Amino acid sequence: MSGFDKVVHSYEEAMQGLEDGMTVIAGGFGLCGIPENLINQIKKLGVKDLTIVSNNCGVDGFGLGVLLEDKQIKTMIASYVGENKLFEQQMLSGELEVILTPQGTLAEKMRAAGAGIPAFYTATGYGTPIGEGKEVREFNGRKYILEESIKGDFAIVKAWKADRYGNAIYRHTAQNFNPMAATAGKITVMEVEEIVEPGELDPTQVQTPGIYVDRLIQGTFEKRIEKRTVRSA
Amino acid sequence: MSGFDKVVHSYEEAMQGLEDGMTVIAGGFGLCGIPENLINQIKKLGVKDLTIVSNNCGVDGFGLGVLLEDKQIKTMIASYVGENKLFEQQMLSGELEVILTPQGTLAEKMRAAGAGIPAFYTATGYGTPIGEGKEVREFNGRKYILEESIKGDFAIVKAWKADRYGNAIYRHTAQNFNPMAATAGKITVMEVEEIVEPGELDPTQVQTPGIYVDRLIQGTFEKRIEKRTVRSA
Amino acid sequence: MTLSREQMAMRVARELKDGYYVNLGIGIPTLVANYIPEGIEVMFQSENGLLGMGPFPTEEQLDADLINAGKETVTTINGASIFSSADSFAMIRGGHVDFTVLGAFEVDVKGNIASWMIPGKLVKGMGGAMDLVAAAPNIIVMMTHADKYGNSKLLEQCSLPLTGAGCIKRVMTDLAFVEIDHEQGAFILKERAPGISVDEIVGKTGGKLIVPDNVPEMEF
Amino acid sequence: MTLSREQMAMRVARELKDGYYVNLGIGIPTLVANYIPEGIEVMFQSENGLLGMGPFPTEEQLDADLINAGKETVTTINGASIFSSADSFAMIRGGHVDFTVLGAFEVDVKGNIASWMIPGKLVKGMGGAMDLVAAAPNIIVMMTHADKYGNSKLLEQCSLPLTGAGCIKRVMTDLAFVEIDHEQGAFILKERAPGISVDEIVGKTGGKLIVPDNVPEMEF
């Protein structure tokens, strides 16, 4: 079988090598497009002292929230957290360190890591607590702060379809942080709803080229909705 | 008609407002995916002292090369030039200033301009003439140089299909610099092979969202091949 | 009388222009979508990666993979595009969104805004607010003029940790429509709510307030 | 005898591993594609935005919109992906390409490389070469050991303007396969071309050259 075939057949294999103290970058926004099963596997592994980088930390009992139950997270880097009681408790007790990062800066930090850019300037956060201790520089009369990239030992992402080589496409706004996360892991693990054969996806429409994917697994997903808003037909 | 309809009906209208001394960012790689007709319109307008930002400068008589005939280009920012005699002549005589920029840095400078990032660090060019006069900084034991973004008064891009709102997709490797160029113009003008109605393109597959496009025109293209390489069937 | 949230939204909506790409913050700002003036079209950007957000889905359309920045299920309109969070904030940070409306706790005469953190209370995070305020060339803050204890939210200097420095130029409150002159370090009273006196607004404005000779009443 | 370009390519190709993503520079490096060892698959990246480059097209397949970084018309293989130049160099700069082969004018004992500019001659530009050398964790330079006048191209210090500083660790020439120890500031002779003596290589190497006890001959 081709050296480009990234498919693994168990979640054990998918997350093999994850150890205490590692940094894990996770795709997803809220509960949308999160790598549900890879997160559950991290819980199962019981590894501790993790640094998790993700826009949010799930909810009680679902998504990254499950990693709070056994206090597996030491540091959370996110833009918006606290949709869950456990998170609040552990943060207030000091068991959980939280590094709040503006959403766009977080996305760009992941992209930069994948793109070999160690740091970039952004106006976001200048003059706020987020800018404290960071270099300030003026360009064209405006003040910017220096932000560094953020790389993970592992990146866990959720896509819709991928071919065996790991070329992936995302469904609707379940894309969100996943493509950047995919580029920012030393080991990138992707779970998808469907695996297809190479050649089935239009090369121009591939959103994450397989070069970024180390392990690929097909899973089934609950896809819980956080805020169910509907209108009458 | 909707305020989002970007369609214009003449190349005069498409390039209206272009003046002497302006900076124009152009998509394309070699002769692939270049905005042929927009370039010809710039020639027709006869504007002078332009700064052109593009990976290459076309060939004699085609692509950006036509702007050399009446000495319309004052400064060329590119990664690889000189496929044309006129270019060589004007560069050697000092009529044309050339700022050589590594290809990846050039692409990132355009992206950064569109993304509100005034500057970024890259290892590319460190210790070379490209790094001279630029700030050097070490991150994780490696040396990087600071590169600034590059914005255009105009950006001219070529896409394959776009809807009237300017949501565009590219064909094969004719994508190249076009998506970044599209984000980096104060005024972005896009020419395409086919204009379709909003709703005809899958939102997930749009490569340049219409928000970046100010004017859209349908054209016909020669698509000259620079190096015709074929094999027997 | 003080304006209702709907009236505030109505007034803000009058600033919309045909062809505007608009980002509405979570909470009161979303009401603006209900009052788009006749004859114009705007397109909504949601910072999780959607341009061309449509109304909530019907039961049949409901899709967990299609949400907005408030994590609500939504739909797309014809001509929508969907992209990554990095591309979404490139769009925002690059100043391509024409019009942004956000809530706040405080703004001050230098255009500073505080909207994400109250020390001593649980901090949930800034989400995309810091990116939005730093990037939006055209932003309106929507909030009540004073808090429930009567303390002004338009201050000489913000007391809470900032969301952004020097970035706010217009504020819509339940009493007035106010501009900020960063150079002068002052609010400028542009319009007042029907029946609200200039004196009341002056009294409820903590920072320096310039009152032009003519301050028209808003009409609804 | 000195190696032919084909033999140089053959030897370099032996460094390929199954599943490698590979970028081959314009010119001699492209020959490497002809000698992929049996039983392994590699995928070619072309920096204009293509991963999974296939062979030249037939007349029927010829398409002006599908070219490689050398501006030659190409095809795609099953499992290819196509992306923008920014995404392509993100891939390169981020160190995701496993193996890169480039030509050069000179390299030196510090791993510096000069490959794009000869002062006094017309300068056409570096294209993607500076990005490639700065980023490739695993790069082999392919060039003749000396120029046509017999001057060594493996120097104590590059004399031409650099393409990259301290980034080259392996060089394949028509005489030898050489590693560079940046710390020691020396070339290390790993293999020699069949029938080429160590003395000849020493004589044609400008920079410090460490010669291990055993320097095997390459076999073809």
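Just so it is clear, A, B, C and D label the chains in written order, and each chain counts residues from 1 on its own.
Going forward, a contact is a pair of C-beta atoms (placed from the backbone, for glycine too) under 8 Å apart; a residue touches a chain by one contact, two chains touch by 3 or more.
Remember, predicted model here, so these are calculated numbers, not experimental data.
Contact with subunit A and subunit C alike is made by B. Chain pair with the larger contact count among B-C and B-D is B-D, by C-beta pairs in contact. Computed from the mean C-alpha positions, the centre of subunit B lies at a distance of 35 Å from the centre of subunit C. Centre-to-centre separation between subunit B and subunit D, using Cα means, comes to 29 Å. Rounded to whole angstrom units, the spacing between the C-alpha centres of subunit A and subunit B is 32. One inter-chain figure worth recording: subunit C and subunit D are separated by 55 Å, centre to centre, where each centre is the mean of the chain's CA atoms. Those residues of subunit C in touch with two or more other chains are numbered 50, 76, 82-83, 89-90, 92-93, 135.
Those residues of subunit B in touch with two or more other chains are numbered 108, 111, 115-117, 122-123, 171-172, 175, 203-204.
The touch graph of the protein chains shown belongs to none of the named shapes. Every pair of chains meeting the touch criterion is listed here: A-B, A-C, A-D, B-C, B-D. Listed in rising order, the residues of subunit C touching subunit A in the complex are 46-50, 55-60, 62-68, 70-74, 76, 82-86, 88-90, 92-93, 112, 117, 122-131, 134-135, 161-166. Those residues of subunit B that touch subunit A in the shared complex are 108, 112, 115-123, 137, 139-140, 142, 144, 148, 169-172, 175, 203-205.
Residue ranges on subunit C touching subunit B, taken from their complex, read 17-21, 40-43, 45, 50-52, 76, 78-83, 89-97, 135. Residues of subunit B that touch subunit D in their complex: 29-33, 55, 78-83, 88, 91-92, 100, 102-108, 110-111, 122-130, 143, 160, 171-180, 207, 223-233. Of all residues in subunit A, only 2-4, 111, 113-117, 163-165, 167, 183, 197-199, 203-204, 206, 209-212 touch subunit D in the complex they form.
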